[in-house]
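Each of the next two complexes has subunit A plus one other chain: subunit B in the first, subunit C in the second.
Up next, the complex of A and B:
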């Protein structure tokens, strides 16, 4: 077996043109999902009946099924459902000409909501109740207490899990090729198809994903140290910050 | 100034407060003694609405509050007139010593940041922490944390400060520094309700001592009356026990 190195370098650059799409597919759903997931987490914690059941069901549904299956199902189902809906509302919109990236955003957002709401829920639970109580005793409203004291601490303790979620989603975006979205994996496959250089193409994007995942983890590691400063003993603070 | 009437509180089937009355005048230092589980913490927490009592009312200043029915607005009002010092400090972990003190001023009372900062510096100096402003709670000793806790409480200039066993989580050698600060406050005329097992502290500064058992006030009077010359058998037993413990500890 001989490797075509020139091809690998060429594929590297071609695939990299999909970097923007891959990053958008990762971060746009995360940003969209965050506020919803937070609301879900709080509703679950407050045990607001009704809602609680629906949200718990939703979470178990999305976390209990493979994302590939969700993509295949939604991508075959959603366009026809939307089309029928728009037709019945007599809205002139050709669903089938819609950029498939929209479906990818929707699916990845729905998925991230489920994952993140669990992340936020356990992070909020990890903040001792005494923190909320102390805030109330100095005259803060519940809302102020959450915004100033509880949520900042919860976010810091959630950072490692948010980092994992982000890396998982980054990897998951490679499945967007199933929806004909031209992200890194799709571009590499296209490139490989001309001369059947699949192995080289896959190794190339393998490297790209490893690099991306590493950067993300480093970034979150930095955030954790920056915003989690208060957890470290003072004399070791500097070391920790730059470790 | 603060008059509590007939407060009842149950958790599930157990009634923890069975009709407690308590009168606090401005400048009073009320020390509450009592065995574990007698309802001391629950009483303090109910006054501050951290716990919702089932029955009873209090007159605070010139306003009357129902424990059971107080609205959110009334609860906030009471909380702005009081402060709480916790057994395990409960300092805001994500805030420095200084920020712990300014939080109630800037956010709770809309005092300008600069003014709040100056006040916090002054108060932290007063409790002996002038060199620890920018330390986070995890970087402070227990005694230092509790002194920040007290600083946070006095900063908001409450009419009453509630202390729930402020020294019982501390190593013996750190208790003194916290009691010192509390004695200073008492001398300055701060109104306080203090749950503690520190008998000497009670004898030195209490204007009123209360002995609680099983959700009721059993005995009430001056330190001399309740600690030196208790009338009730249960009080005597309790005092014998904790003074014995103290001797063991020494």
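Up next, the complex of A and C:
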């Protein structure tokens, strides 16, 4: 077997058609998970008994098991559960003809909720208590203080971790082929299977994933700089000096 | 195609799966060894700050961290035999899957370990080394007797995290036909034509979860034992560092 460069180029373009699916699989679960994860983080910080236990259990479970296993488990469990649910609610919907990407969204969302809520919790902890107290002394309500003072600061310190979570999720989407979702890895595997060109196909998607991860990290790096400006007033002075 | 969910089968499956934990741990231990050796070399090149070597180490760490484990696994599984055959005339046909799995996860683990080791060594005050040298220890002695023991304790929490991530990523080894706990579970499902799939997945989940919790507890105990005064500080620091080393 010879190293087939033409095949690599061809696979590159074929795999790129899966780029949209991969990006959807990364960002839709992230967006869906964010509000839930935030609520979980607040509940864990407030140590609301009952809920606290359940959420801690959930996070520990989702972070303590491999994501492959979660995918396999939910993919064999969800269809029948949803079917039973829809039947009992008498909704006419054929679960088994649904696009498998729906299941992928659900599983990655469940998983991201667990990781993100930990990220948010540590970010909220990183904001000094004095910030909240100071906000209250000048007459803001608790809600206002959170929305205007605490959360913007927490978000900045959470950005590097959110970036990591995003890259991890991107890497995790490579497992969606187990659910017959046609994303980058699945397409490359399919292409490779025709002529047993596995090496070339995997090198190609290796490159694609590294590029994608780079773009995501650059994006978050930019956001960090943009929103973290208040942290470095000295730099701003310097900029003004030399401007 | 509705089969009754057999609750008690979960425990039967766990009993059937337990012996296969040996291969899981074997794979883990070998990968930790390989990853730590390679990671130490990478960390060492980064600490010495030779521009070219550091650049290469950074590039390697970046690439490995950005690549999905399954892609790397397939790449090693399909690519390495070719390289060995063409380059060294070694026929890998009779090699066990363990070989490829260990290579893959050593590569993955080395990237995380490099950062863990580097940050741990960097966290040691420079005065420690200078003091050691001033009382007549050689450079090597100063490193082994003074810096290494302290760095090891600092590295513990991050090492524990990386280990747990490795354990979870290791579950992917079944995709190339390696028979560890996960592989055995998948085999069992196949042998029964998909019956009891759910029970077996739950059994696997319980196994992995208990190993994770066990590892967390063990490492927490170790931290308490070796650095009781530092635990609070390390906890606080690792909240941030932990995420950094997770991927």
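Structural remarks
By definition in this document, the second predicted complex is superposed on the first by the 229 of 243 C-alpha atoms of A that agree within 3 Å, B and C clash if a C-alpha of one lies under 4 Å from a C-alpha of the other, contacts with A are read in each partner's own complex, and residues count from 1 in each chain.
Heads up, the rule we're going with is that a contact is a pair of C-beta atoms (placed from the backbone, for glycine too) under 8 Å apart; a residue touches a chain by one contact, two chains touch by 3 or more.
Small disclaimer: the values here were computed from a predicted structure and weren't measured.
In the superposition on chain A, A:130 contacts subunit B only, with no contact to subunit C. When both complexes are overlaid on chain A, the residue A:213 reaches subunit C alone and has no touch with subunit B. By the touch criterion defined above, A:225 lies against neither subunit B nor subunit C after alignment on the C-alpha atoms of chain A.
Once chain A of one complex is fitted onto chain A of the other, the partner contacts of A:24 are absent, as it touches neither subunit B nor subunit C.
By the touch criterion defined above, A:138 reaches subunit B but does not reach subunit C. When the two complexes are overlaid on their common chain A, residue A:156 makes contact with subunit B while staying clear of subunit C. Taking subunit B and subunit C in turn and counting the residues of subunit A each one touches, the greater count comes from C.
In the superposed model, A:148 lies in contact with subunit B only, and not with subunit C.
Subunit A residues in contact with subunit B (one complex) as well as with subunit C (other complex) do not exist. Remark: subunit C residues 2, 62-63, 65-72, 74-75, 78-79, 82, 164, 167-172, 174, 182, 197-198, 201-202, 204-205, 208-209, 212-213, 239-240, 243-244, 246-247 touch subunit A in the complex.
Contact residues on subunit A toward subunit B in their complex (touch as defined above): 128, 130-131, 133-141, 144, 148-149, 152-153, 156, 229-234. The touching residues of subunit B, when paired with subunit A in their complex, are 48, 50, 76, 79-80, 82-84, 86, 88, 90-96, 103-104, 107-109, 135-139, 152-153, 156.
Contacts from subunit A toward subunit C in the complex involve residues 1, 60-61, 63-70, 72-73, 76-77, 80, 119, 122, 125-126, 160-161, 164-165, 167-168, 170-172, 174-175, 185, 198-199, 202-203, 205-206, 209-210, 212-214.
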